[in-house]
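In the two complexes below, chain A is the common chain; its partner is chain B in one and chain C in the other.
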Partner chain A sequence: MDNDDFSKRFSPGFCLIPREDGIPRAIIPQNSPGSYIEEARTLAASGGRFLGLWAAGDPEPRICTAFLLREGLIVLVLPLNLPEDPQTFPSLSSFLPAADRFERTVRDLFGFVPEGLEDSRPWISQGLWTVPPLASPPGTCIPETPTPDLQEYPFVRVLGPGVHEIPVGPVHAGIIEPGHFRFQVVGEKVLRLEERLGYTHKGVDGLFRGREIAAGARLAARVSGDSTVACSLAFAQAVEQALDFSPAAGVRFMRALLLERERVANHLGDLGALGNDAGLGFGLSQFTRLKEDLLRRNRIHFGARYLFDVIVPGGVRANLDDKAILDLLEENRLLAAEVGDLQKIYDDHGGLQDRFQNTGVLLPEVARRLGAGGVVGRGSAQAWDLRADHGGDPYRRFPPALALAHEGDVAARVRIRFLEIQESLALCRALLEHLPEHSIAEPLPDNPETAEGLGIVEGVRGEVLAWVRLAPGGVIRAAHIQDPSALLWPALEVVVPGNLVADFPLINKSFNLSYSGHDL
Partner chain B sequence: MWKLLVKIFRTGRLTEKSSRPVTQPHTPGFGRSLAIRHVDAGSCNGCELELLALENPYYALSSDGAKFVASPRHADLLIVTGPVTKAMKDPLTKTLEATPEPRRVLAVGDCACDGGVFRDSYAVCNGVSPVIPVDHQVPGCPPPPDEIRRAILRAFALPRQAQK
Partner chain C sequence: MAVEGAQLVLALVAAPILTGWIGVCRAVLSNRSPAGLLQPWRDLVRLFRKETIIPEGTSFLFRAVPFLVFAALLSCVLFVPFLVTDPPLAPVADAVVLVGLFSLARMLMAFGAMDAGTPFGDLGGRREMMVGFLAEPATLMILFTASLWSRSTSLPAILHSLLGAAAPFHPSLLFALLAFILILLAENGRLPIDNPSTHLELTMIHEAMLLEYSGPLLAMMEWGSQIKLLLYLLIGTDFFLPAGLPSSLSPGALGAGLLFLSAKLLMAGAGLALIETLFAKLRIFRVPEFTALAYLLATMGFLIHFVLEV
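And then the complex of A and B:
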């Protein structure tokens, strides 16, 4: 389907306008619940991947639903202005199973009722508030439940001889984020896994309301710390689209460089931890040393180990001189060689491969149905990578190859990470060699009217999406960051049954999902 | 196998020396061994990355006698990160109760100190000290590993806090 056909299907005046800084993206307002569900159905049927659903509250209640197509990103916006209370919206879960948790979250936080959603259980809310906390205007005091009963969540139980239950968390036995897992097991074999998240819910969407753009960017950078570059960049893109501002080529290059450095750092950490979880402590030592070297260089050249707040709306807060570029090129060469050595060791290690192969298999068909993207999706034959597919600048000039595997097991996800490190390093090399002169950060234009924008980038785990609605004068009226973890957590539930309890940490690590990015 | 051994040999020893303060005689302290339990009370996972970095070959926290343990019942020191979300208030309190005396509490990161960027949200308690008593704080977003290490090493000899 070409772009013309595509635009014709949509209501008047709509087209996907290409943008230099990334993929084409458009917000399509819907005037009735009927048209909303019809458009969603059409998008899902024509190969669109559901990326998330969120809401905005007072004073402009609305539901936003994102779909990623090969042509670009589309967000359907359904304003809620029914005379009755509570507000309702049609549930998409009958044809999009992935929408379930998103719609439950909206019900928990905003009190908008998804009509037709079968699952009546809460999701993010732990029963801590007597009213939906985001339903009231910003600054309102939210009354708390005097004695919340956190144990009440109705997990699905498996009954039968020999079946028992293992509850894990929210406090986990390691340096990990909090969340609860409920395993139903027979002997060593997992029959069912159910997740209970929401423990790290910090009310991010509520905190965005009424903030200045700069303060909003600081918050966006802390949605999920390990993806701070991706979140900052998506947020910056959204603000820049709303203000109709285009960053210079030099800024785009620097941002791409930072995004790839974040990817490499995370993949190094994950590969080390995966080796360790399968009993190879050598892998942990080696990969964490390489990661530490990279972080220290980040500190020297960009001023922050994890690159927090380096990307801001309007530009970047770092500059590289010739000496720095030479240093980073040398680092790049050494790192590529080291990772190559370690990949050979991992590949040849029988014990390691025995644990990796056929463990935690996510079948391609299941991955497709759940809309899994990122490393997990690509490990299960889902060929989506914004950098390779859409090629906004500078990816258009140095297109990275798509890493793809079909087995869907831990070994496949390990292989994807190795491939992506090498591909990212090659891309970094090209960016460094062709880095244009750039100014650091330019002042953003003012917006006389309310403006809305979208941003989307290929982060470490997959597509990180940002939506922002600005009131005149650069104040955020509402904003939302969507981490891909929210789409991938259900995939983990599907993958674990049939495996041994002892393989759960390994499978979990091969997904390495963010709790904070999910709970917001 | 030989590739692995060659790699180890070529990498050599990377651990950087640290200076553990010597425990003064007659002050209550933890001698030469400190067991740490980490509780994430709703952080963005940035502080966790730096806590994990403490175990890499450069910092090698275990060479100073401190190590992360899997249960609060084995712990001398609780390291708490995050602004303490309302949902983690109860699990955090229970973790403290499960930690035997003598024990210390270290709040790591801006969020754990005062709520940081999430301060005054309806969903957070604005840091650890409104929920459980804190002995020492390490500000930073996230604080670099050497600062966290310094605070941990100080905890070896940290005087007991006044009972509240």
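And then the complex of A and C:
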């Protein structure tokens, strides 16, 4: 579909402009709750994937809803300083079930009430505040909402003979992030799983307010440690779009390289952990070794093991000389061979495949309805990958193949990870061989007036989204980072029932969602 | 008296070292640097130095269970011949009593776990009882197969008959050995039935029962499990590799016997580590298939005795 058709179907007077650094991204302001909900309905009905919903508070309260279409990214913005009651907004949950938790989060943090949302329970709030911390104006109470109480969170219970509850977490026996899972089980079989998150809430949206761009970039890099490159890059893209700045080709290549290194490191870690959770400690030892080697090379060539703060708005903070490029190419070759060997071991291991196959099946139809993307979505036949679809410059020249599986079980997600490692390594090889001379971070232009920008990146788990609103002088008025985990946690809830309790850790690991990226 | 004391001390000292040896083998097999033979001993010492924390709402049972379990397993040490052919409690050293004592220890452990009233204790206790009741018939069948030569389930009698048998190789015992390996894995919470090194509370069997224990009480439970594993390996060597076990108490014979014993345990431990490295954990509902296979093998051994060996 070309752009003319596209703009006719949606808001008049706007079009998605192709960009050098990624997919087209547009912000569409709405002037009434009615048009907001109509537009959202149209986007959802015409194949748009709901990616997230967030709010901004004082001094310009607004609700933002993101949709990803094949043509590009669209964010609907509903300002709340309208003549009508400024504290409410229409809920999208009637036709977008995935919006439920996002809207509850907005209610907890900002006190804006989603009208028509059936679930009145808190989500991100653990009962530590009585007044929404980002309320607009500050100190406003949520009308008619009872004070949330941590002890009394009403989980949905299953009743019947032999049914009992297993609460797990938020403190776990292993050293992992905190989250609570409430199982309703009969014998070993799970009847229902409900999650309770928010234990790593740190007020990121509030912390962005009033920061300089550089400080904001540091914060964005720390939203979810294992996706620091994706978060930094999305944030940098958003700032660059707001300032109408286009990074040089060398910078784009380096950023793509860093993103793939992050993906490979995470996939290696996940594959090892998946073997270990099925009782094959050998897998963990081997993949941990490979991951550790990669991280150490990151430290040598980029100055940080997990690549914190290497990507900044305006450029990158690393350069590669010829020796480094040769070293990375050699690493690339060895890694591809070793991962190939290990894949053969995993594939041929009867016991492992018995645990992986038909465990935690996410049916393609369910994945589509929930809008699942990333590794989880691609394991369930959802063919979305920003790099393969319509990435910016380096991806267009060296397009990685889309990894896709249809079974939707743990085995499919394992296979997707193996495929993506090899694709990422091939892409890294191409990038290293064609790396243009590049400049390190360039100074950003100034913005005379308030400007808004969006960024979206295919991170390890799926699309990482960033939105930023800049006041004149490069001060952040409001910003938001949206990790794909928020969309995928509900998918985990759907997948687990019907499986054995003892298989949950394996299924959970095959999703490997971020708690920190969700709780913000 | 001397043999009693020696057997007890040896089992108490050697059990953690055997676990340490299995750990060393596992580490080497998966390219990790091992923590050393003495790591289980270091862990035990550390735990014994810690304070004991008793969870709220537990009864005296919770506190009593580690002592009872430890006592039950320690008395098993006196049943099994491993220093000389006649163990200290030779007159009552019956294989069925031994199985009963192991069951008692298991049951007590499950009670202790359920006493705390946590979901994980229940989960672990429930799963442990399931594995136990599936494994016990096979265990008995193995013992019966081994006792066919001696016409007695007394352990020293079985040992004497095997040591003095005319034929050095018994096909029936080969099947019993295969069954015994499966049962050893199931009864001691090893892979592929249970993963002793996991931290995933939802997948645990044995470890889930210990989650509420801490300090010296935990140390006793751990030590007890290590002794149980040692006992299983000792029973295995008695039945399937009895060569080298001295029948007299002379120092020379004892020394040679100890050398043989260590060599056999090191081999068995390395074999166990190899199995644990190669296999992934079974889905919990595959455990019945696993134990059924053990029962089948033991029964085949039993029948083969009458077909080939009588």
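Quick notes on this one:
Please note the rule applied: the second predicted complex is superposed on the first by the 498 of 520 C-alpha atoms of A that agree within 3 Å, B and C clash if a C-alpha of one lies under 4 Å from a C-alpha of the other, contacts with A are read in each partner's own complex, and residues count from 1 in each chain.
In the analysis below, a contact is a pair of C-beta atoms (placed from the backbone, for glycine too) under 8 Å apart; a residue touches a chain by one contact, two chains touch by 3 or more.
Being a predicted model, the structure only gives us computed values, none of them experimental.
If you count the residues of chain A touched by chain B and by chain C, you find the higher number for B.
Contact with chain B, but none with chain C, is seen for A:E292 once the two complexes are overlaid on the shared chain. Shared-chain residue A:E115: touches no atom of chain B or chain C. Contact with both chain B and chain C is seen for A:F282 once the two complexes are overlaid on the shared chain. By the touch criterion defined above, A:T200 lies against chain B but remains apart from chain C after alignment on the C-alpha atoms of chain A.
In the superposed pair of complexes, A:D348 makes contact with chain B only, with no contact to chain C. In the superposition on chain A, contact of A:G174 is made with both chain B and chain C. Touch criterion met: A:I166 reaches chain C, while chain B stays clear of it.
Of the two partner chains placed by superposition, only chain C is touched by A:F504; chain B is not.
Residues 173-174, 282, 285-286, 289, 349 of chain A lie at the contact with chain B in one complex and at the contact with chain C in the other. By the touch rule above, chain B contacts chain A in their complex via residues 3-4, 7-8, 11, 14, 38-53, 55-58, 68, 70-72, 82-83, 85-88, 90-92, 95, 116-118, 121-124, 141-142, 144. The residues of chain C lying in touch with chain A in their complex are 26, 29-32, 119-120, 123, 191-192, 195, 197-203, 211, 277, 279-286. For chain A in complex with chain B, the residues that touch the partner chain are 126, 128-129, 133, 142, 144, 150, 170-171, 173-178, 198-204, 206-207, 218-219, 222-226, 228, 269, 282, 285-286, 288-289, 291-292, 295, 299, 305-306, 308, 341-342, 344-345, 348-349, 514-516, 519. Against chain C, in their complex, chain A makes its touches with residues 164-168, 172-174, 188, 275, 277-282, 285-286, 289, 349, 351-352, 354-355, 500-505.
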